[in-house]
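In what comes next, subunit A is part of two complexes: it sits with subunit B in the first one and with subunit C in the second one.
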Partner chain A sequence: MKQCEMLVIGGGPAGLSAAIEAAEAGVKVVIVDANEKAGGQLFKQIHKFFGSSMHRAGIRGMNIGQELLERCEKLGVDIWLNSLVIGMYKDNVVAIDVKKNLTEHKLEKIQAKKIVIATGASENAVRFPGWTLPGVMGAGAAQTMANFHRVLPGKKVLMIGSGNVGLIVSYQLMQAGAEIVGIVEAQPKINGYAVHASKLTREGIPIYTGYTIVEASGDERVNKAVIAKVNPDWSTEPGTEITLDVDTITIGAGLKPLIGMSYMGNCHLMNDRFLGGWAPCHNYSMETTTKDVYVAGDASGVEEANTAIEEGKVCGIAIAQALGYLEEDKAEQMKKEAWGRLAGLREGAHGAERTAAKERQLLEYKKVMEG
Partner chain B sequence: MKLSETGILTKADLVEMGRYPSEERMKKGPVAVAECVQDIPCNPCETACPFKAIHIGENISNLPKIDVNKCNGCTTCVSACSGLAIFVLDKSYSDSYGKVTFPYEYNHSFKVDDIVKAANRGGKHVCEGKILKITNTQKADRTTVITLEVPIEYVDEVRSIYRDKQHQSSKEEIMSEKLADDVLVCRCEEITAGEIREAIRQGATDITGVKLRTRAGMGLCQGRTCEALVNQIIRQELGNSPADIGFSTPRTPQRPVTFGTLGGDLDE
Partner chain C sequence: MRVVSHPVLGEMQNIEWVNIIVNGKPMKAKKGEMILAALLAEGIIVNRYTAKKHEPRGIFCGIGQCTDCMMVVNGIPGVRTCITPVEEGMTVDVQDGLGSWRGDK
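After this line comes the complex of A and B, so read on.
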């Protein structure tokens, strides 16, 4: 069985940032990533990020991904690609299905002194008659197809959900040449930032607030969508149906943290709807209730890439400190700075709920540890 | 209709918030307007302005304040804004025409002097415009900035170039009589909403209970897609809280793996 100092599960913004901070202090890091290229969702984030110059604001996500990969390479971080973690066991042992080539796989086991769970999140589905038809897909899936694989999923797209994912992916599908037939939002108001919505409305894209999808239909793939006004009790208002010609329906209904590893690692989980559901609680070092197991990014509660990067940094610093690579004073100062940047990113009306939810996680950790 | 319902700001909204330059200022020469009215944690506009005319301050969720005396309408902030919400307006150009500068991140074949259809904040074609300038600086990192000449009365309205399309939406009296019970919920194991409701009637109160009775969540994706949907149905039927409904126990293997791969680990 292989041994390592620090094992990071998932090479997205959180995992890469954790690896970089720790490796800079001298920790030997292994990252395992399920995909052909590390970077998580960053390479499909072709838009400029919010934040301040401290968080690389105004830079496109894909360029941030490239920068993080280059820094990992320089620091000698060992990145295992095409490597699926299938389980986590006692004594910090992780089993990995490593794809050697198209047909050959090998099972590897690694034991690590410290583990970072940075597995990210998965998309929520919405069910309606016809949702299993070809052409109906997650907004994130459509974004991967268009921006990463450069395949346009369809020409006439209806987006379900007006959160930032729904708005940004609609904009990007339009940049890629698709027509956005409309954006449907069951709530009475747009969920994401107004600036993202305004980018679409000034191109003439209708946003149907207070509407929901009733049905999708088609023979070989979806070719019609019916939407209608929603009543407060979630029934639809008869007579308000609108039929739209579409070839694609994308669902941007939010994300939920991937908790498989946290559960297997015996980390205490709590349910909080502002963080996407179940997620492990943790302390100021991002360590879970299981000693030596840390969590960062969407796996610790769904937020966005900038917060994932900062949480990853906290993990990396804390691990370098725990392994004796960073002096306590310096590490505490660095962690404090990262938490300061996190507080900045969680400011504003959209961040207040997340800030409160994150505080609940920290409190829960205390409660559990104090028994 | 409010911004939060439509996604469309109006000049009146901005004027009311004191966030729109005065007629007098626009008549003097180009000036930036940040059509940014929600406290987003973001400040590249402040950093980008070479004249320090934009102030956000330490709390990066503050709205940008543009000092119209320091701003000379250089348009640097137009491509710096991650939200594509900054425009430069100029009513000093002539008595009957003004200029609007906006970001444009689409493939296009526009050239200077082209006459295009100008669109307002709602995407409606409101007037014709002549392209005066197209810039694509390296610093702007692929955000094209276009300046249009439009009739002066449209300077406050025009924010993009009209997009031609054929929306085929029609109001129809159609009713989906398909019973929701027919709808697939777990697509891997092909379990319908009706089967899940039946499991709940049989006594299932949580994800695991439904899973054991129906196999929903036991297929290739291991419930990553259907679990939240099963959760919704249980909540609708029983009114349980998400904490009571729980989740399906994650076990090895977390992702599909062949027996060959598992069995190949013979050295230990």
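After this line comes the complex of A and C, so read on.
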């Protein structure tokens, strides 16, 4: 069995940042990532990030991804690609299925002194009659196709959801050449940033607030969508139906943390709707209730790539400290700075809810550990 | 449909092509791209039919999590086409239900 000091599960913004921070202090890090390329979802984020300059505002997500990968390479971080973690056992042993090609796989086991769960999140689905038809897909799926693979999944798109994902992906599909037939939002007002929404309304794209999707129809592919007004009790108002000709319906209805690893690691989970549902609670060092198992990024509650980066840094610093690579004073100061930047990032829209939710996670950790 | 020119990503350049066979018909694909992307570029969106009700399924998550895009690739069923790159001479077929194995693989 292989041994390592720090094993990071997931090479997205959180995992890469955790690895960089620890490796800079001297920790030997292995990252395992299930995909062909590390970087998580950064490479499909071709838009510029928000925030202040210390949060790399104005830099496109894809460029941040490239920068993180280059830093990992320079620091000698060992990145295993096509490597899917399939088990977490006692004594910090992790089992990994390494895919060689279509038929050949190899099972590897690694025992790590410290483990970071940075598995990210998955998209929520919205169920309505016809939702399984080809052409109905996650907003992130459409974004991956258009921006990363440079293939348009369809030409006439209806977006469900006006959060930042729904708004940004709509705009990006339009940039890639699709027609956005409309955006529906069940709530009475647009959910994402006004600056994103106005880019779309300026182009004449209708945003149907207070509307929801009723059904999708088609034979081998969706060709019609029916939307209707939502009543305060979430039923739809008869007579308000609008039928739209579409070939694609994209669902941008939020994300939920991927908690498979945390569950397997016996980390105490808590449900918080402001963080996307169930997620492991953790302490100020991002360590979960399972000793030596840390969590960062969307896997610890859905937020954004820049919060994932800062949480990853906290993990990396805390692990370097725990393994004796960083002196306590210095590590505590660095953690404090990262938490300060996190507080800054949690000042924007929905920030107060997220700040409160993260505080509940810290409190829950305390309660569980103090029994 | 391929996004050949893009306001942020620029022009698609230096494309190398490989030949694949999709549902028995020859097709060009971009070297190294995912099977699913090659198919969508040609407007092919049905990847499989469900076992019980024989309903069509196509791309849903696009990142290897949901299994809606599984097809029979080189005679091997259950291959997630959104995370499997094309290779010269590859055969790709719509999967019926759980699919069946072909050949000696």
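By definition in this document, the second predicted complex is superposed on the first by the 369 of 371 C-alpha atoms of A that agree within 3 Å, B and C clash if a C-alpha of one lies under 4 Å from a C-alpha of the other, contacts with A are read in each partner's own complex, and residues count from 1 in each chain.
Definition applied: a residue touches a chain if its C-beta (ideal position, glycine included) is under 8 Å from a C-beta of that chain, and two chains touch if they have at least 3 such contacts.
Only a predicted model underlies this, so the values are computations on that prediction, with no experimental measurement involved.
Of the two partner chains placed by superposition, A:Val165 touches none, neither subunit B nor subunit C. When the shared chain is aligned, subunit B comes close enough to touch A:Leu107, but subunit C does not. In the superposition on chain A, A:Met145 makes contact with subunit C only, not with subunit B. After overlaying the two complexes on the shared chain, residue contacts for A:Leu133 are found with subunit C alone; subunit B is out of touch. Of the two partner chains placed around the shared chain by superposition, subunit B and subunit C are both touched by A:Ser122. Of the two partner chains, subunit B and subunit C are each touched by A:Ala34. When the shared chain is aligned, no partner comes close enough to touch A:Ile20: not subunit B, not subunit C. In the superposition on chain A, A:Val94 makes contact with neither subunit B nor subunit C. More residues of subunit A lie in contact with B than with the other chain of the pair subunit B and subunit C. Contacts of A:Arg273 after superposition on the shared chain: subunit B is touched, whereas subunit C is not.
When both complexes are aligned on chain A by C-alpha atoms, subunit A residues 34, 60, 122, 125, 132, 175, 177 touch subunit B in the first and subunit C in the second. Residue ranges of subunit A in contact with subunit B, taken from their complex: 1, 34, 47-53, 57-60, 63, 84-87, 89, 95, 97, 105-107, 109, 122, 124-129, 131-132, 162, 174-175, 177, 179, 181-182, 188-190, 193-207, 209-210, 214-215, 226, 238-239, 241-245, 256, 258-261, 263-264, 271, 273, 277-278, 344-351.
Contact residues on subunit C toward subunit A in their complex (touch as defined above): 1-3, 6-9, 12, 33-34, 36-37, 40-41, 45-47, 55-65, 73-74, 76, 79, 82-85, 105. Those residues of subunit A lying in contact with subunit C across their complex are 34-36, 41, 46, 60, 102-103, 122-123, 125, 132-138, 140-142, 144-147, 149-153, 155, 175-177, 220-221.
On the subunit B side of its complex with subunit A, the touching residues are 2-9, 35-44, 47-48, 59-61, 80, 82-85, 105-107, 119-124, 141-143, 159-160, 162-163, 165, 167-176, 178, 180, 182-185, 187, 193, 224-226, 228-229, 242-243, 247, 249-255, 257-258, 260-262, 264-265, 268.
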